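Order of writing sets the chain letters: A, B, C and D. Residues in each chain are counted from 1.
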Amino acid sequence: MTQSNETLLDLYRLMVVTREVDLAVSEIDGHWHGCDGEEAVVAAAYMGLRDGDTVAPHYRGSLVAAYARGADLARLFAGIMGKATSYNRGRYRSDICGPPEFGVIGLYSGALGPPLSYATGAALAAKLDGTDAVAMAVFGDGSSSRGDCHEAMNFAASLKLPVVFLCQNNQVAISTPSRDRVAGTVADRALGYGMPGVQVDGNDAVAMVDAVAEARARARRGEGPSLIEGLTYRARGHFVSDAADPRPRDEVEAWRARNPIRLFRDRLAGDGVADTAHLDAIDAEVRDQVAAAMAQAQTDPEPGADVLGADDVYA
Amino acid sequence: MTQSNETLLDLYRLMVVTREVDLAVSEIDGHWHGCDGEEAVVAAAYMGLRDGDTVAPHYRGSLVAAYARGADLARLFAGIMGKATSYNRGRYRSDICGPPEFGVIGLYSGALGPPLSYATGAALAAKLDGTDAVAMAVFGDGSSSRGDCHEAMNFAASLKLPVVFLCQNNQVAISTPSRDRVAGTVADRALGYGMPGVQVDGNDAVAMVDAVAEARARARRGEGPSLIEGLTYRARGHFVSDAADPRPRDEVEAWRARNPIRLFRDRLAGDGVADTAHLDAIDAEVRDQVAAAMAQAQTDPEPGADVLGADDVYA
Amino acid sequence: MARQTFQEATVAAIAHEMRRDRNVFIMGEDIGAFGGPLHSCKGLWDEFGAQGRVIDTPISEGGFVGAGVGAALAGKRPIVDLMFLEFMGLVIHQFGLDGGAMHYYSDGKAKVPLVVRAKYGVGPFHGHAYDFHSWLLNVPGVKVVAPATPSDAKGLMAASIRDDNPVLFMEHMGLYHAGREEVPEGEYVIPLGKADVKRRGRDVTIVASALMTKRALAAADILAQDGIEAEVVDLRTLAPLDEETVLESVARTGRLVVACEAVKSGGSASEVAALVVEKGFAHLKAPIARVAPPNVPVPFHRELEKLYLPDAGRIAEAARAAAAA
Amino acid sequence: MARQTFQEATVAAIAHEMRRDRNVFIMGEDIGAFGGPLHSCKGLWDEFGAQGRVIDTPISEGGFVGAGVGAALAGKRPIVDLMFLEFMGLVIHQFGLDGGAMHYYSDGKAKVPLVVRAKYGVGPFHGHAYDFHSWLLNVPGVKVVAPATPSDAKGLMAASIRDDNPVLFMEHMGLYHAGREEVPEGEYVIPLGKADVKRRGRDVTIVASALMTKRALAAADILAQDGIEAEVVDLRTLAPLDEETVLESVARTGRLVVACEAVKSGGSASEVAALVVEKGFAHLKAPIARVAPPNVPVPFHRELEKLYLPDAGRIAEAARAAAAA
């Protein structure tokens, strides 16, 4: 599958947004789980969805997913600080939970795994309604060990639901290397469910977006779910202020050298999709946008006592 | 791997026990989940374990597992009626939960799935203690869809634990055909965990016992878990009094024609392992043993009020 | 009116709502052509199966309750047949913690109109009896419904399906096929969160739900022979609790017995007792008695099961003691 | 004596028990070389890692808590670090329903000496705060421990490891690194099931645990300024509840406030209130007040979090009202 130049530049832009969001939030939140090195997987996962589609993003990249679905960056940033202007007025955190009004299903508790089933349910709804909407169910390599992952995949495969399962495999879970605690490869699991499974170079933006496009098209045609494993690398710590990184220095360096934004940039320039000046302009525009959104969020008001809403628990 | 004649005859005997237990219990308990047609898988799973090994049987076959580990048949039958002479004095049912003093882990609630992890824990204990004990984790095709199955397999495979995962695939779960709701094949899932996985003709007793022996030997050598899928067929209803059987008549008949006891009997006679008279003698001896045990259990006393043990919940 | 069992009335409500609203569908293990264990979905396949609205699921409780949450977020109104309440422990995260939090955490943007129905209770079906509802009272955002009669089952199931929150609908196996009563046909909705005074009396209040309501009514008959007039309050909805009705009753009687099938420690009977000693203390003339099983798992032998579960006699005894105190 | 934080004292107890009994081992996510989130296992890897007794697990809570149950059945004494109590909803079946039933259902043959430790609580670590212990009071066979001080953490962790039942050991993140105190070195065991009167007083009893004990003590200081002498009963073990100590205290004071971090509805405060109105009614001179968060999930913004969680002022206010009633 080949993407249009426009799509490629949108993808590039979203990768730059991912990086700039990372940089901006890192300054205000030591507990921010960044996407440095994983921008290609993140941006490819959430780009180009349609109205009616649903995404249950991996928590690492969740804010980018919400942005890609149309949420306002300033309000998302406000949600990291719990400001009154956030989409939920400060009741919950936007770093792991996007606003549902944009078709984003977040972590409503801290548990990884269950959102894979929620995405499957959204796909079931699409099938019941006879639409061609799809659901993206994105999860980390560590999260692939949750029973939810198995239950969602078997359920989706046996009912032929329009789900794209995407593993954002950064090869580590907090401190635990996936080679130690994820037996086999995630992509190989697809075979056991009789669905297509493919391992993709997660630092190759084009390969990623092609794989996602193919899986989505298949889902929209009613042919059922697929599994994509984007093999990438967490270039920094588990969260911003995570000091210790026990991973081999040379491994870290080798992956950092394969920075997906830089690789993609070189390719776009090399293939003549855009010249350096154009790409620089995108960079600058994104940087300004992110900075403005952050400045806005920081001056936004804190929530008042009424937001607690002790009687608001029921719809 | 080739089994000794003695082993083959033990296997035959345990298959006959499985059938006779079925027949006997069917008379007193309409909710008995029988093993008709599945005797080869059941007997092969539980035969020949050693002291220190642990088994978490599939509920269908659990009583046979307890018997194979050395529990007394009369007391097991008493446990079906909740008699005072049962291993737990009537507090719990022996049809789905064997006595732990025989290394059997049953269903302590009605939920299928979690025992796979309990078996994995027993294997972890063996590894920590440096013994060569193994754990058998047996489950149905329907139960393979539980997240527990995935979590236990990944856990065992990544820690190289001595577990044999055995799927008693009778191709149906209550009314749901596995081809409808178990995507792919169970055996193929092994690949995704990087462990050996094999589908075996579950009505071929020799093939089954060979596969089990190989997997156990591998586990005892410290080489980690394996997965065996024994493909068989539930020759009758979900439980004894289950009237409706929506499965295609000819499919049912074709499988009934491949009755594993009959097939094995023919093979034993054909290969000269035992002549018909010898096999008949085993049949008769087992029949008497089962009848005597049932007669005993039926006259055993009911539990008294003291068994409730309102204050006995803590060890 | 139609003479229906609890099971029939429940299914009638589901069918009615499925006719009324195309977004309603049902899923669970063996609920399709098979009709569901204990006929929990009898007839639904014939009417709605071809529309794809009666879905057999794999044995993946977290997966399909989770799918229910996801479908509800997407605008459907799923009913999940969990088969047995015992399995709530496998799905409380999806149903309760996540499902119950979504509305609040999204500041009202997300709605989770999901019904999980589940069989439980000591009864003729020997096993899967455990009564696990009490936990959910401590999980914000979920509702818990436990009808005692066929009519209530019908009206409360309709209301549960129309409710925009995750609702646990409890179906007691000891009531399931245990006799028919006249049940209103067609549209019949009983609001959630309202208790029902099933018998008036001035001497002592007995609060109960589900099978315990039936036994409390039998206890009231026994007590009447001794000249004690017991009022029986059937909670019907356990979360949110109808505080008013309970407090109003105790304000009149001054005495309270709470009968509950969940084990005593940590059971929902404690919640009712705490409510009354907090807000109705001035009216209390006697200790509040909780009549509930001891703190052990449901035992297997039939006689032990009987010793385990409170019966009319034990409820009456507690009420007599309260009335005399 | 050593000056230790809650976290250090807890780990000291684990290390001591691991030295004492080779069957004790620990597993959980990221507890190996990394040392566990918030240093929950700091130092254990260095001392016991090479023996294979500190095991990093996959992210499979049901799987590794289940493996803990299985290893316990097989004679080991596993400690499972669940990371956060929020995940109890993912494992309550394995830990509670199955794990808690095994001893009883096997007529004493099975023992499940398993400790699940879990962090929770509103505190400096922003998130994973939910206090989910109350459910377990309704699950037969499990124990629940919630220490309030470093010393108690040490003695109760030792007792939990030596206990032959599934024990939930709760580690409040607001207490975890919040100051040191003198903690006995070496062997130090506090029996489970015994409450501790942390302050004597004759006017009103405040029952609490964990962070609420600290706040109750602060409330008692406030009350003392008004001449009200509050007695603070720290439950320490929530299941089984030390009924005697609570009842004895209320028998003297006649007034009871229960402070609890779990949301009010269905929280364990209700259990304490129910106990007292059932068995201590004769001594009660005022309504029992439960001081607990409202029935919503823990909100995110720091100010909302503060409004959500009871503080010393609110506990004092409730006690003052009780004392005046």
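Points worth noting:
As a convention for this text, contacts are C-beta pairs under 8 Å (C-beta built on N, C-alpha and C of every residue); 3 or more make two chains touch, one makes a residue touch a chain.
Bear in mind the structure is a predicted one, so any value in this text is a computation, not a measurement.
Here the chain-to-chain distance from subunit A to subunit C, counted in touching steps, is 1.
Counting C-beta pairs in contact across B-C and across B-D gives the higher total for B-D. Distances between chain centres, each the mean of the C-alpha atoms, put A farthest from subunit B. With centres taken as mean Cα positions, subunit C sits 36 Å from subunit B. Chain geometry summary: the mean Cα position of subunit B and that of subunit D are 40 Å apart. If each chain is reduced to the centroid of its CA atoms, subunit A and subunit B end up 44 Å from each other.
Subunit C and subunit D have centres, each the mean of its CA atoms, that are 30 Å apart. The residues of subunit B that reach two or more other chains are 91-92, 108-109, 111, 145-148, 150-151, 154-155, 158, 180-182, 309, 312-313, listed in rising order. In subunit D, the residues that reach two or more other chains under the touch definition are 57-58, 60, 62-63, 86, 89-90, 93, 97, 100-101, 104-105, 130, 140-141, 240, 295-297.
Viewed as a contact network, the protein chains are fully connected, with every chain touching every other.
If you check the complex, the residues on subunit A that touch subunit C are 54, 56, 87-89, 91-92, 97, 99-101, 105, 108-109, 111, 114, 116-129, 135, 147-148, 150-152, 154-155, 158-159, 309, 312-315. Note for the complex: subunit B touches subunit A at residues 145-151, 153-155, 157-158, 180-186, 188-195.
Residue ranges on subunit C touching subunit D, taken from their complex, read 86, 89-90, 92-93, 96-97, 100-101, 104-105, 130, 132, 134-141, 239-241, 262-263, 265-271, 273-279, 281-282, 284, 286-290, 295-297.
Interface of subunit C with subunit B (complex): residues 29-30, 32-34, 37, 56-63, 84, 86-87, 89-90, 126-128, 130, 294-297, 299-304, 307-308.
Partner subunit C is touched in their complex by these residues of subunit B: 31, 81-83, 90-93, 108-113, 142-143, 145-147, 173-176, 180-182, 244, 246, 302-303, 305, 307-313.
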